[in-house]
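Just below sit the structures, each encoded as structure tokens.
You will see subunit A twice below: alongside subunit B first, and alongside subunit C after that.
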Partner chain A sequence: MNAHYLARKLAQAFVTIVAILVLNFLMFRMMPGSPDRVLKNPNLTPEMIAATRARWGLDKPLIPDQLIAYVKATVSGDLGYSIFYRGQPVTDVLGATVGPTILLVGLGEVFAIIGGLAIGAYAGWRRGGKTDSIGTGASLILYSMPYFVIGMPLVVIFAAGLGWFPTSGMTTPGMSDQPLLNQAWDLGRHLVLPLLAVTLGLLGGYSILMRSSIIDTRNEDYITTARAKGLKDSWVLRHHAFPNAMLPMVTLIAINLGYVVAGAITAEIVFNWPGLGTLTIHALSARDYPVLQGIFLLVAVSVVIANLIADIVYGFLDPRVRA
Partner chain B sequence: MRLSMGVKGVRPVAALLLAASLLLPAAGPVAAAGPVVLTVGTTQDLDSTNPFNTYLVSGYEVFQLTYDLLTNFSLDTSPGPGFADTWVRSPDKVTYHIRDGMKWSDGKPATSKDVCYSWGLAMAAIADGANIGAGYLDPNVKDAGVTKIECPDASTFVAYTTDQSDRIFQVYVPILPEHVYGKVDYKKMADEKFNAPLVGTGPYTLAEWKTGQFARFVRNPNYWGQQGFEDQVVIRFFPDNADAMFQALKNGELDYAHGVNPDQFKQLQADPLYKTDAGKANGWTQLAFNTYGTGTGKTIPNGGPSTKALLDPAFRDALGYAVDKPTLVARVLGGFGDPGTTIVPPVLSDWHVDPTTPRTFDIELAKSKLDAAGYKLDASGSRLDKEGKPIKLRLYAPDSEAAYAKSAEFVKDWYGQLGIVVSTQILTSAALGELVLPPPDGTAKYDIELWGWAGNPDPNALLQIFRCDAIGGTSDSQYCNPDYDKLYDQQLKESGAQRKATLAQMQNLIYDQAPYDVLYYDANLDVHRTDRFAGWQNMPATGTPMFTYGDLVYTLLTDATIAPSPSPVPSEASATPAASASASASASAAVSSTAPATPAPSAATGTTSGGGSSNLLLGGLVLVLVVVVVGGLVVSRRRRTTAAGEDE
Partner chain C sequence: MTPATAPPAAAPGIQRRSGSAGRARLFVGRFLSRSDGRYGLLILAFFAVLALFPDLLVGKLETATTATGQSLQPPGGGYLFGTDELGRDILNLTVHGARISMAIGLMATVITVVLGALVGIVAGYVGGPTDTVLMRVSDFFLVLPTIVLAIILAPIILDIVGADAELFGIRATMIVIIVVIGLTSWATTARVIRSQVLSVKMRMFVDRARVVGSGPGRIMRRHVLPNVVNLIVAQAVLTFATAVFTETTLAFIGLGDPFAPSWGQILNSAQGAGAPGLGAWWYIAPPAICVVLVVLAFTLVGNALDDILNPRSGARR
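Up next is the complex of A and B:
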């Protein structure tokens, strides 16, 4: 790892983020419609509409005035005010939803990575065996199922049917008065079903890629050598094959982690989870430009950062890319 | 290159745990065991807790729980005690008496000073020709003809008016605590946060708002009226997600659900655990014809209606005979709603009139009326306008409710039978709102807009849509008729029977001229459980218990788990219980008698009670089955591959 490599990657990331910023601004302005017409109000006077437009900065020319104002504000951490949630800064609106999403999708990623890698590794190692057949079959099916297809039966069976878990939401109202332990328990109960849906939805991708990666590794000479030395099969898998098969996984994991903040939109909708995915849908239907821009910026930047991290980690892992 | 997965995995987990722990709110004081909580669900999100900033029904529900209006609404929606306990109407003013000894929820005295501050905000905005925030509340004061307000002493508030109308008792301006907001003038009011906890004089004050999740209210210990049975009220938001709300209701998480869909409603009708209310909505769904140019002769280059026929009342009148409204109610609304006629919904029974010359569904009559008006069929069966061009109408509807798209398909079919081709397109509400705008904001390039409106307790909000000066604002028919405007201005000064006569003229004028074809009056489909709370009342009798005109019903609930004892603590408001008991009796009677559509569907669904959830269960099972079968196939395929001994 040398400084030059690091500097180049950082510069690339910076340029990408600037491009995103400008694109983010232009894209939303090119969409048809104007946000101040979202809701018709029989009582609003034309003067008042003009005043509101001025308040929202819609009266000035798009370029350069609006663009400069946008870049300036964004850099200083001001993403403007939400149009739907009147009077609330976008940063507050996003802040309230980022946490739930990271909790749900982040934990889902962690479980899916652990489960997916384990299933994929064993399936690939014992290729053609029972673990492979069942594991790969299930992975393929789960991989092809959208979150809501997984989520709906979960709600119907375990929440509405058996009543084991709440059907939706993240907390029981009024829990903020309760001891921390009760709050955590309450959150846990709400989390189980959506987390299960997200984990199952993500599991397949990891397991399938891990399986093929292990199969490739399994044919390497050093594996044959290790086995020839008389090492135990499970030892060879864990200490010789698995670490080497991880290389392609790093990329997938890094990229997926970048998308954690984007949320799992359909999973969040099914469980009415108050995360970024749900917010995205509502911001879209309400034409809440500032919030949408904030979401896009957040997602784009986190993907860029995740890629940057992947590049750097790769640099550590594989000397060839450092050149 | 020994990469220990253990270490690598730990970091993200630790980071996530940290994130999770940050999410948990700080531990508060341990609450006493089991407060009684009433949980209400709605399919709307809450946009703002600032009363002047909210656009949504959910926002009104929230601020009306916390704050009183100067006069609230009784069960029959007539003016009832609010911040003022009594009032006297004289020719040029109304003198209100502010309740003696009333306190805000924080213990500070509540006096006329608070009223003068709150109404003063509206008066200042009106004087400047401006609005406050979203601009929905302050025009109420203007509409009531208030010219001056005075607070001669702590218990007296006087409002001078230009006329004798009742609108002054329907002013949705919340009385805010002057000692909290006093320094905020009307211009800054839109920026005011109204962060919980709020200080109010209502029965329950907002204690907590979690965006997109819920709003929680706690009992106001200083409430002037009868204390409600429940200690807390929670309104849970299921934005555009009736399915999630329905599942929560069935799982016992909700006591009340506002805005279920017709299928869910029918399913619960047969279940004795639930009481369903198909409340008549104060609004309608309409076909708005683009009549741009009526009276003015103006045209829009590259825009406006596609044919001059739309400007002809005879043409629009003929179309009115081609729409079978009872069928729409039955097939589109599942029987919940009423066929539409005039522009004042029947729920405003003081003002609604039926048309003097009603149109009924008769395709042949519609055809002959079109022929008579000069719109003939050509050889290929197309209806021609007076310029000899086949009439092709562009109909647009918003995507916000499934009923719009369904209705559009019916209309397309019926008009098609007249030889008029209708092309339908569904747009987002925002896009449709743009599309119907005339110059200078747009080009009004549409022929028919299928959409709806919801009104206030006073019909003016709906009536003003047809004024000439509403074009470019709320008008979606671009209709302009000076006669109508004159009548509108006249009724502003009238009250009682005199006003009703004028409103009758206006309703008939719009019905006969037909810039609108009101398809149906919608229904609000609400459901509540009967096992936890009793004492539910509809407001008004044809409406629903909640999400109507204020917070009264929230204070009338009783414990359903103990034997009913209809003797609440006698207090000022308990003048109502006796009256309300009879009101409830008449309410239930009225609902069953005024909803003739209900018996048939409920009988039909009687055999399929619980059909929805069993269908879903069935779906779940089918899904599991598919997984097993496909999994089995994959397994067998794998086996064969292994048997063949191939190696990739």
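Up next is the complex of A and C:
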């Protein structure tokens, strides 16, 4: 790994995070219900207003003083206080919902990557065959479906209709005094449908890209060489084509992370899953801006970091990009 | 005459005209020979009819006051697709939803593609620091998930201008959604156009125009733009799919306009009325199927166009 390459990627990620912070700061100033509006009260004397503004630091110039104060507070983990959740720190409100979302999105990613890569690889390898037309057709349809469009029919069929799974939530109320095994079983039953929705929602995109990536590698010289050596077809696919076709996938999976979290928001709404998505909806309808800003910051910074990791991994996997 | 000498002035014009007609016929032939392009076009034609003549097909858009049905009535008894929680005919809502969803998609696409093409052409042609800055900005927008950014931007803008404000007779909610989709999704188009411009500007006719004394603005408009217009068209169709997809998601989350029920908005009401848990599939299936078909159709047509028109992706297949 080239130190120059690493340094450049780190610098880019840093600049992007600074840009996100500035954007978040500016949006804070644009938004309604700003402190200045609170102070538009006829009962307040000019001196009181001036004193309050000084206490809040609003008498200082927007840039750089207020911006620096904001960045300092944000970096130290102070994201302000929620309006909807009765003045709880935003960090606490977010912290409580991150777990369920990571559980849902993380597992969904894993299943979708395994399924999508397998379908895409076989479809692309046997291009034009039966697996290809069925797999690619299904992938294209799934790719056109927002997560909630997948989730709502799942609830109608498997929860409301057949009654196999609960319709919403993550746990059954009153389960906390039950044995741990029962609790896990309960969580599992609640997890199946949302997980299926997220997995199916992601699968299409991965499968389509993997297919075209495999088609690209299929015509490479090293594949011809491998075949000429008399290696078995499935061996060539698994050990020669697949690892090379994985390269573009690394980037896609990282870039996708933000979209996955955003998409999972809608899946969570359908199943009333107590994660970031459901929090977003509550914050949105209550116009709880500090929480919305916190969610934006969290997702944006995670995406940048995921991209950085993808770039570094890519640099390890493909020596050509290190230059 | 050496091979390098230009032919008489009149000849290229005539040749090009007959050539472009032939190319157009070739293009239509290649497009229609692909089954994905054909099916996509057929689906789009169907939805275009729904979007153009909703009143003729199902009558005026029903509201809570004009609704005649019972609450959440299953299909049958004069309601082919059943009714919603207010007793409105789902068929009526879905057909009118076509116009709203596709109108928002169209306008968001125009903003996205104009912005993307502008940035792409300028960045690619001018190059240097301009290019670097524009591409860093586009990186920023590529990395940030559209939906998350839209979730933050939309309510802020709505609270500033007011949800009931109007511009050219269109309600603010709709405009905000359109602008937010446009602002957050131009980066892909800009990237694709830029890479094509980089190769176009190396071609001979650009040098010739420069020698003749054309300024950069004129060269970009008269020489570069016509050579990337194919790509812009393919990109626009693909963007349309994303725009409808994003609009549906934003409306479902609750950022849509309740008085202009797009498909996402109908699904939002269905979720709000508890339709999935009640097993009211007729409330969910029609708008959901429409969304999937339209997004799928635009993707199919867009991919077919991209394969035929984009030299980069064409070579791959």
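Following the convention adopted for this analysis, the second predicted complex is superposed on the first by the 277 of 323 C-alpha atoms of A that agree within 3 Å, B and C clash if a C-alpha of one lies under 4 Å from a C-alpha of the other, contacts with A are read in each partner's own complex, and residues count from 1 in each chain.
The working rule: a contact is a pair of C-beta atoms (placed from the backbone, for glycine too) under 8 Å apart; a residue touches a chain by one contact, two chains touch by 3 or more.
Fair warning: this is a prediction, and the values are worked out from it, not measured in the lab.
Enquirer: Just checking: does A:L187 make contact with subunit B only, subunit C only, both, or neither of them? Give me first, second, both or neither.
Expert: First partner only, subunit B.
Enquirer: State whether A:R287 touches subunit B only (first), subunit C only (second), both chains, or neither.
Expert: A:R287 contacts both subunit B and subunit C.
Enquirer: Which of the two partners, first being subunit B and second being subunit C, lies in contact with A:A160: first, second, both, or neither?
Expert: The answer is both, since A:A160 touches subunit B and subunit C.
Enquirer: Could you look at A:L140 and tell me whether it touches subunit B, subunit C, both or neither (first, second, both, neither)?
Expert: Once the two structures are laid over each other on A, A:L140 reaches both partners.
Enquirer: In the overlaid three-chain picture, which partner chain does A:I312 touch, first (subunit B) or second (subunit C), both, or neither?
Expert: In the superposition, A:I312 touches no partner, neither subunit B nor subunit C.
Enquirer: Tell me which partner touches more residues of subunit A in the superposed arrangement, subunit B or subunit C.
Expert: Between subunit B and subunit C, the winner on subunit A residue contacts is B.
Enquirer: Pick one for A:T171: touches subunit B only (first), subunit C only (second), both, or neither.
Expert: First partner only, subunit B.
Enquirer: Pick one for A:V299: touches subunit B only (first), subunit C only (second), both, or neither.
Expert: It touches subunit C, and subunit B stays clear.
Enquirer: State whether A:T266 touches subunit B only (first), subunit C only (second), both chains, or neither.
Expert: A:T266 sits against subunit C, while subunit B stays out of touch.
Enquirer: Which partner does A:M152 contact after superposing on A: first (subunit B), second (subunit C), both, neither?
Expert: both
Enquirer: Determine where on subunit A the residues touched by subunit B overlap those touched by subunit C, and list them.
Expert: 32-33, 140-141, 149, 152-153, 155-156, 159-161, 167-168, 215, 269-270, 281, 285, 287.
Enquirer: Going by the contact rule set out above, which residues of subunit A touch subunit C in the complex?
Expert: The contact residues of subunit A facing subunit C are 12, 15-16, 19-20, 27, 30-33, 140-141, 143-146, 148-149, 151-153, 155-156, 159-161, 167-168, 212, 215-216, 255, 258-259, 261-263, 265-266, 269-270, 280-281, 284-285, 287, 289, 292-293, 295-296, 299-300, 303-304, 307.
Enquirer: Can you name the residues of subunit A that touch subunit B in the complex?
Expert: 32-35, 37-48, 51, 84-88, 93, 96-97, 99-100, 102-103, 106-107, 110, 113-114, 117, 127-129, 132-134, 136-138, 140-141, 149, 152-153, 155-157, 159-161, 163, 166-171, 173-174, 176-180, 183-184, 187, 215, 239, 242-244, 246, 257, 269-272, 274, 278-279, 281-282, 285-287, 317
Enquirer: Within their complex, state which residues of subunit C touch subunit A.
Expert: Its residues touching subunit A are 136, 139-140, 142-149, 151-153, 155-156, 159-160, 241, 245, 248-249, 252-255, 267, 270-271, 275-281, 284-285, 288, 291-293, 295-296, 299-300, 316-317.
Enquirer: Tell me, which parts of subunit B touch subunit A in their complex?
Expert: My answer: residues 1-3, 5, 9, 12-13, 16, 19-20, 22-25, 27-31, 35, 37, 39, 45, 47-48, 50, 53-55, 129-131, 133-136, 139, 190-193, 208, 210-214, 216, 232, 234, 236, 238-241, 244, 247-248, 250-253, 428-431, 433-434, 437, 441, 461, 464-465, 470, 472-474, 613, 616-617, 619-620, 623-624, 627, 630-635, 638-639, 641-642, 648.
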